[in-house]
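One chain, subunit A, links the two complexes that follow: it is found with subunit B in the first and with subunit C in the second.
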Partner chain A sequence: MPENSIKINSIGFSYQQASDIRKPLFCKFNMELPASRVSVILGPSGCGKTTLLNLINGLLIPDKGEIIGASGNTSVLFQEPRLLPWRTVRRNIEIVLNKHMGSEQSRATAEYYLQLVGLVDSADFFPSQLSGGMRQRVAIARAFAYPADTILMDEPFQALDLGLKINLTNLFTKLWVEDRRTSIFVTHDINEAILLGDEIFVFSDERPVQIIEKITNPEPHAERSLESRNSMEIEKKLYRLLS
Partner chain B sequence: MKGFTSKFEKHLIGVASTAVLILIWKLVSLRIGTDIILPAPETVLLRLEALVTGLDFWMAVGATVLRTVYGLALSFVLGFSAGIASGVSRRVDAMLSPLVSVTRTVPVMSLILLAMIWFKTDLVPVFVCVLMIFPILTANVKQGVAGVDRKLIEFSVVYKLSRREALREIIIPSVVPFVLGGLRSSIGVGWKVVIAAEVLAQPVRAIGTGLQFSQMNLETAEVLGWTVMAVVLSWLSEGILDVIIKRIRPEASVNA
Partner chain C sequence: MKRSLPGTLLWFVILLVVWEITARSGLVSELVLPSITVVFASFGGELISGSLLSGTFVSLGFVVAGILSGAFTAFILAALSFQFAAVKRLSSMLTAVLHPLPGIAVLPILILFFGIGRLTLLMVIIHSVLWPLVVNITAGFSSVPAVYQKIGANYALKSSAFFFRIMLPASFPHIFSGLKTAWARAWRAAVSAEMIFGITGSGGGLGWFVFQKRIFMDTPGMYAGILMLALIGLIVESGLFHLIEAETLKKWGEA
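And now, the complex of A and B:
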């Protein structure tokens, strides 16, 4: 395994609420997310996918066990773009860079990633002046521009219509192929899992969460399509597992 | 087109209702027949005209404007900082809340009388204005901090923005509309409080002093003349603030 894979070692976690008498979400949970690949976590809503991401990015702390390799340095692509409404597109990207590089380099980096997502002409617009898809593209640019080893994605395309979803999936692939950062993509959409995942981890519906299957997709990202025989086979398998 | 018509209509109705009010004033003053009790509108206007030609009048108006501006500016700074501090930290909130609730309930007149014991007459109106307005702004800002989008805070944590950056990039921009709204709704109170304090404290130059002096001489037309001036000032300041608020609208502040 490459050295900066993310190892989740026997973690336990439950939300500490008196009303929550259910079993803990995670109990002695182990997982290894390989470096420089896209790992997809596929599972039904409420199974603990988002919680796992928040444990990896440090928003939540596990009750037991440890997570090695994320080093608290992660980019996150949220379900919503989460841009600052009072800052321009350009500033929204520069803000996360300022701490890591000089202002001139921040500007150049922001410009570079805006170019990649095709929004350089909208750099001085405010988020409210963009469409939903454009805003999520800014968020993608921001996630890649931020100098993190790991990119976490929490159903980032869920709220978009099918055309935009495909568009943004392709955009992500294009950026990722150039710059293969360790990526974790959480979704409940089988097609997204097939198009993006190198490894697909299927989570169970019960508590505590179990990994019920791990599927490796050998097909190179650039050649993937939902119609290929490989994709169809994975799809069939996933349907069986999830139903 | 429809918007224009209704706006025009609104203005027309406003002008008409003002005219009706002035007409009623005129009729009542005719019925009473004594200028000491209620002078006719045109008498007030003539008196005001005589007032505005004097330098003393403008010095008084200028002094009152300065006091109000000082009072509001100081309240703004204090209210903004106290509001943010108590919105961010429960401890500060617990510390400030007795002060805020006391100043909110103390009668204005007690404040004025106490301030007259403690301060020079020129400062009394400023002090009272600050004590009246700053708790309102503090409450507004605190509410603004509470309303900051949690998702943006989460974003700032994940992307490791420093506390200062989070304050500058997320909390302050979210709160600015609240503090301006609070200022907008308290600016009228500010004028009233300043002038009330002036009436009692009697600084050398002040609209309040002018009011008091005219009242003692039973110059009712002059009392009303000063009053008209105070109302005009209040309207003007509200108008100016409206323009500023429009300018500061988040989407308009590119590199603020």
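And now, the complex of A and C:
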């Protein structure tokens, strides 16, 4: 697993649409995302969180500055599961592995992650035969199975009901502690930020984007709960910053 | 709409009964409408003699060869259209002009170029299947959701893996629809052309079988050939295509 953090050095970025006369989204923006930690980017909708993920992922290129450490080797978990409907659960995971390992190892890796997310019995089902929560579990398994140094998550639990959200948050923690991969989690949900984030970066609502606060959560993942004194204090702070 | 098999069978039986009553009433000459039992007897006799089956295999052979060649050409044209705007414009122009032309309408031109023979028959079938396939495959490639393209980019799939594992299956609903149209057009074109050509090479197809029976006023044999044409159509359209649909699109939640 990577030892180096991801460094965002003085980047500038705007979408350059002729009709867009607003200020650029990012201007001389700096940020350091520590290795082997879960960094949460918290901020209101439209503040540039997803754009930053795409810049780290290499799908967008900054106009100025540089991003060091992501090296294009990232795995992405989206808001919707984005499974391929014509491939079974198992083969949806294997498709991203085949380029990196032999077919036997792909199969074993897929099996391992299916076991971790509790879907071994559904391995030969098609996505249309699964519930929404099961599909997102497959997507989580696929994101972790892909041999990337960094996992990027773009509000993956946003469209789910509360029970499922808690369930999948716990599942993410269970998978993450297995190899403690550098992870960046974008959300506008304060509770998700508290439960998952080791570092919480709060983004401003104005252009260009600023980090208005960085909060470190000292509590180990396994002991985190929304009722703990530590979580409540962070929650209070985050409410104050975002309201 | 859900089809009820007993209901369909009931109508089929009613049709046969009406046929039999009309044939036995003497109102219509048996040279025009023979008894259904005579038709079935002729069907059985032609099956045993092998002439009906050999005709069926000849026709199906032409259709399969035509669909395979047409599909191969259509894939190349659609892939080039997807990549190059100039080819897309050429393909759109050719499709607009040639797609509405029935296979039989281009037969005189093909005869001038290729004479009367297997090649011309094959070309008629290729013409019948090529354009609906080009239209559907092109539409399929263009309608692959951006989300699937992003999956390919996120997981850094090679371009060949992206084409075969994402583009092709994602376009499958359109391709399948094109294949259904292609089959229907190819089957009709093959039978019609056989009726015009007669025997090409070693033996005639089902179209020729029906035509020949009419010439010799073997009306039960003619009906037996038409029955076989309908049966093949039924097996492919309601059997084979339904099976493929059940195993693919329905399982994928796209039917």
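Everything that follows uses one rule, which is that the second predicted complex is superposed on the first by the 240 of 243 C-alpha atoms of A that agree within 3 Å, B and C clash if a C-alpha of one lies under 4 Å from a C-alpha of the other, contacts with A are read in each partner's own complex, and residues count from 1 in each chain.
Rule of thumb we're sticking to: a residue touches a chain if its C-beta (ideal position, glycine included) is under 8 Å from a C-beta of that chain, and two chains touch if they have at least 3 such contacts.
Quantities reported herein were computed from a predicted structural model and do not represent experimental measurements.
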Subunit C versus subunit B on the shared subunit A, clash or fit after superposition: clash
Touching partner for A:Asp124 - first (subunit B), second (subunit C), both, neither: first
Contacts of A:Arg207 with subunit B and subunit C, given as first, second, both or neither: neither
Partner chain in contact with A:Leu59 - subunit B first, subunit C second, else both or neither: both
Partner chain(s) touched by A:Lys99 [first = subunit B, second = subunit C, both, neither]: both
Touched partner set for A:Arg82, first subunit B, second subunit C, both or neither: both
Intersection of the subunit A residues that touch subunit B with those that touch subunit C: 57, 59, 72, 74-76, 80, 82, 84-87, 95-96, 98-99, 126, 128-129, 146
Interface residues, subunit C side, partner subunit A - complex: 147-148, 150-151, 153-158, 161, 165-166, 169-170, 172, 248, 251-254
Residue numbers on subunit A that touch subunit B, as the complex places them: 57-59, 72-76, 78, 80, 82, 84-88, 91, 95-96, 98-99, 124, 126, 128-129, 146
Interfacial residue positions of subunit A with respect to subunit C in the complex: 57, 59, 72, 74-76, 80, 82, 84-87, 95-96, 98-99, 126-129, 146
Of subunit B, residues touching subunit A in the complex: 151-152, 154-155, 157-162, 165, 169-170, 173, 250-251, 253-256
